[in-house]
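Each in structure tokens, the structures are laid out below.
Across the two complexes that follow, chain A remains constant while its partner is chain B and subsequently chain C.
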Partner chain A sequence: MPRLTINGKEVEVPAGTNLIEAARRVGVEVPHYCYHPGLSIAGQCRLCMVDIEKTPRPTIACNTQAVDGMVVWTETDRVKETRRSVMEFHLINHPLDCPVCDQAGECWLQIYYMKHGLYDPRMTDEKVHKPKAVPLGPHVILDAERCILCSRCVRFCDEITKTGELGIFHRGDHSEIGLFPGRELANPYSANVVDICPVGALTDRDFRFQVRVWYLDATKSICPGCARGCNIEVHTNRRRPHHAEGRRVARLKPRYNADVNRWWICDAGRYGYGAVDDKTRLRAPSRREGEAVADATWEEAIAAVAGTLGRLRPDELGVIASPRMANEDLFALRRVLERRGIRRVGCRVPPREPGDEDDILIRADKNPNARGAALLGLDGDAAAVLAAARARQVKCLWVFDHDLLASGWPEASVEQALRAVETLIFTGPNANATSERAHWVLPSAAWVEREGTYTNFEGRVQRFRQALEPLGQALPAWDLLGRVLVALGAPAAPPRAERWFGELAAAVPAFAGLSYRSIGDAGQAAATGPA
Partner chain B sequence: MRVLQRFYLVEVLSGVALTAAHFFRNMGAHGRRALGQKSARGAVTIQYPEERRPYSPRLRSLHRLVRREDGSPRCVACMMCETVCPAHCIYIVATEHPNPEIEKVPARFDIDIGKCVFCGYCVEACPEDAIRMDTGILEFASYSRRGMIYTQEMLLSLEPAGPDGRPQSPIPIPADRQP
Partner chain C sequence: MTASRVQFSGEQLAEVRRLQALYPDRRGALLPVLHMAQDAFGWVSLDVEEYVAELFDLSPAHVHEVVTFYTLYFRQPKGRHVVAVCHNLSCHLAGAKTILGHLKTRLGVEVGATTPDGRVTLLAVECLCACERAPMMQVDDRYELDLTPEKVDRILEGLR
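Here is the complex of A and B:
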């Protein structure tokens, strides 16, 4: 392992580490544009110049590997002068239209220019004009004038998705990023080029002009789009509700996790947050009698549901839990089932269309917590529960999240089962065809409105945090189930998701020893044993 | 207090005397001026709103949105004014401009004058010189809070004040104030 000195600080790094990463270890930031730890090295931007002793000229840090005894200086006058000149060169044809640029506020051109730039531009000639506002695909829009030709997007499409839609065309200061003829940037990971673009050349069509980035708050979360459980940040706009038509979740961004998704997320996950601020959100508990639907209070709803659960025999009760529920919810549900001795529990409902899958991130199972449901023993066959309902053995059916009428089961047989039960209870954040047939609807909070954990397909328990207040009167499912538990005669229910997780860890061997603190931001593997 | 001041009647009478002295001095001055003596000047009442005193050119009055030559707003909906506004009284919603060189244009640009503190930061922050506070209009009374909201169309229709500071455009009347 080479030992080297960076700005007077000694550090030992694995062989093959480049100087940007080595400097990062001692807390020194070397400005760079084209270098990205997930991509090959291009040496394109020339900004990461550092001084190495016994080397005559400043050298690019990204393509220089740390060597034993190397002495590196990143803040000498010569380095600063080089940076300033390189920045000036990058900005020769840059339109400096920060006020209308969506990247403003999170743009590395702005950040480095504020730190290292030459404040009085010396460019007097007309700038080279290039295509502006060119849609490259369904999610990405290009402004070629803002581009500094770092080639990160080109390398992403070549190396990560291996689809190769993008290239750099023309020569000299007429060079520009573009699509190969007949191609479209429509791969399932296309919007990652927006994240890695250090400037405002590639921006998000979905987010375009919606909210300025400085109005956003970021919360660490987990993508609920599939069993992978990619680490994400939820960006919410709570300060300016008139932007983006009042939608509170403005966008999702990937969050680095070396063991799960690295720097990337898929487009399906990235744009899959629409249901949070959707018109179909259930805001208050409600009861249906015949065709008449009326809002109810939580006290009435909990009392009615607990009354039904308490009145009927355990074998007359059926529950279809959901692999979209968090571990805490599933454990609270398990407590309710244990209290009433309910055995008819299912979880797996076949989707109408089989999910797509690839060998990068996307998993065919579109549920974030199927593994958690399995570890908690709640992944019984939902078809059996429904069959029992059809046979009029089940008098009360409690469905979580699923729209059974949009599942892979034949609609008529589901309809028959739903009509056969005396009391149908639905719990979920959004209305659907099943909730419309429910006698009681108990609205639960969406995943961004609460704390919780999901267990991904590898058995990794990962924590998502609360970014927003629940809409209307919606409650986190663990809270709602805790209230039912108390109404059924339990002494008390944990008042926070963290406490529910504590009980879960104490009760379920696979989760033994885990806590919110030990899970942290990066997640922790559950003891899944031999799978 | 002196003993004399404690007798309120004395103070009241001296006040009446002061007022009367001003009244008769002014009446005399106005009388002499009416008779042709130009140097005589009495106290002046300005008959607002028919008459106005000249305003300072630096006065911050009702905002206006500057137009391009084709009449469209110069504003590019960058939200700098909205961001800097300490009263949070500006509401902008951006949309695509047909010309990609301009890129952005406000679909909505409302100022809630009821909240505005007339600090002028919006004018300072604007990178396009698209918002100014030079209309000379200072009359914003309304019967409702809704009536204090000035929309993009109203703000675009305003002209700068004349050289004497007088408003050049009629005072915009929000819908709920219209007769």
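Here is the complex of A and C:
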């Protein structure tokens, strides 16, 4: 392990570490554009110059590996002057369109100009003009004039997705990023190029012109789009509700996790949050009698549901839980089932179309918590529950999240089952064909509106935080289940998701020893070995 | 995807394999193979780029990078002959402007264009390293030196 000195501080780093990463370890930021820890080294932007003792001139830090005894200085006058000059070159042809540029506020040209540039521009000639507002694909739009040719996007498509759509065409100051004529940037991870673009050249068509980034709040979360559980940030717009047509979730961004998704997320996950602010959201408890649907209070709804659960025999009760529910919800549900001795429970409903999968991130199982449901023992035979309903053995069926009528099960047999039960209860954040058949609808909060944990397919338990208030009267599923539990005679129910998780960890061996604190931001493995 | 007319002969394909084997990374043979393709198909169309990309197992975008970087690949159909007049310093001082003007008049085309009969493409280029006999131009693969309008006329006569 080479030991070197950076700005007077000694540090030991693994062999092969470059000087940008080595400097990071002693809290020194070396400014850079083209270097990205997830991609190969390009040495293209020339901004990460540092002084190394016994070398005649400043050297790029990204492509220099730490060597034993190396003495590095990152803030000498010569380095500062070099950076200023490099910045001046980068900005020679850059348009002054920050006021209309989506990147403004999170643009590394702006940030580094203020930190390392601050020169008086000397450019008096006409700037080179290039294509602007060119859609590259469904999610990404290009402004070639803003591009500094760092080639991160090109390397991403070459090295991560291995699809190679992008290239740098032409030469000198006519060089520009682009696609092979007639092709588009439509790989399943395309929008990651927007995240890694350090400037405003590649922007997100979904987010574009919705809201200024400085009005956004960021909340750590987990993508609910598949069993991978990619770590994300939810960016919400609460301070300018009149922008973006009332959309509260402005965008999702990947959050680095070395063991799960590194720097990336797929496009399906990134743009999969639409249901949160959708008009299908269920905002209040409701009851249906015949064709008439009327809102109800939570007190009425909980009393009615608990009354039905209490009145019927346990084998007349069936539950189809959901692998989209958090561990806390599933454990609260388990408490309800235990209290009434309900055994007819399952959670896996086959999708109509098999999910796509690849060897990067995307998993065929589109549920975030199927593993958690299995570890909690709620992974029973859902088809058997439905069959029992069809056979009129089950009189009350409680369905969570699923639209059974849009599932892989034959629609006619689902139809038959839903018609056969006396009471159909639905809990979920969004309406669907199944919820429309329900006699009681208990609306639950969307995942961004509450906190909780999911267990990904590898058994990693990961926390997601609350970014928004629940819409309307919706409650976190653990909360409404806790109220049902109390209505069924339990002395009390935990008042917070964290307390539910504590009870879960005490009761389920796979989660023994885990807590919100120990899970932290990076997640923690459940004990999933042979038990 | 590749148009059927864009296809090397067996002999040409063998040459592609030979060139690719010369480099540690076969991508090194991209330039000579693109020249081969230009000779074989007349110019480097997008179809040709895609065909060459297949031969190298590269994405077409990366072949497009190379083709747009260099000036000697023709991305539009060119004439049967290419006349490239040097307009750099020595030739300029020795009257390249007159030579170029004469060619434009005689051929009836601007720089960068091809005569309607497809006979000649006229180009203006930077120094071709024959300053001692300026003004000069390159006609296909040969240099024409010490140019005068009369000499240019004789040369054009010879281009069919």
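Throughout what follows, the second predicted complex is superposed on the first by the 527 of 531 C-alpha atoms of A that agree within 3 Å, B and C clash if a C-alpha of one lies under 4 Å from a C-alpha of the other, contacts with A are read in each partner's own complex, and residues count from 1 in each chain.
Please note the rule applied: a contact is a pair of C-beta atoms (placed from the backbone, for glycine too) under 8 Å apart; a residue touches a chain by one contact, two chains touch by 3 or more.
Not measured: the values here are computed from a predicted model.
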>> One more residue to check, A:R240. First (chain B), second (chain C), both or neither?
In response: first
> When the two structures are overlaid on chain A, which partner does A:K132 contact: first (chain B), second (chain C), both, or neither?
Replying inline: first
>> According to the stated criteria, A:R212 is in contact with first (chain B), second (chain C), both, or neither; which is it?
In response: first
>> Tell me the contact category for A:D97 with respect to chain B and chain C: first, second, both or neither.
In response: first
>> Touch test for A:G182: chain B only (first), chain C only (second), both, or neither?
In response: second
> Residue overlap on chain A between the chain B contact set and the chain C contact set?
Replying inline: none
> Which residues of chain A touch chain C in their complex?
Replying inline: 158, 163-171, 178-183
>> Considering only the defined contacts, which chain C positions touch chain A in the complex?
In response: 46, 49-50, 58-62, 64-65, 68-69
> Which of the residues in chain B come into contact with chain A in the complex?
Replying inline: 76-80, 82-83, 91, 93-96, 100-104, 108, 127-128
>> Using the touch definition from the top, list the residues of chain A that touch chain B in their complex.
In response: 97, 99-100, 132-133, 208-209, 212, 214-215, 240, 242-243
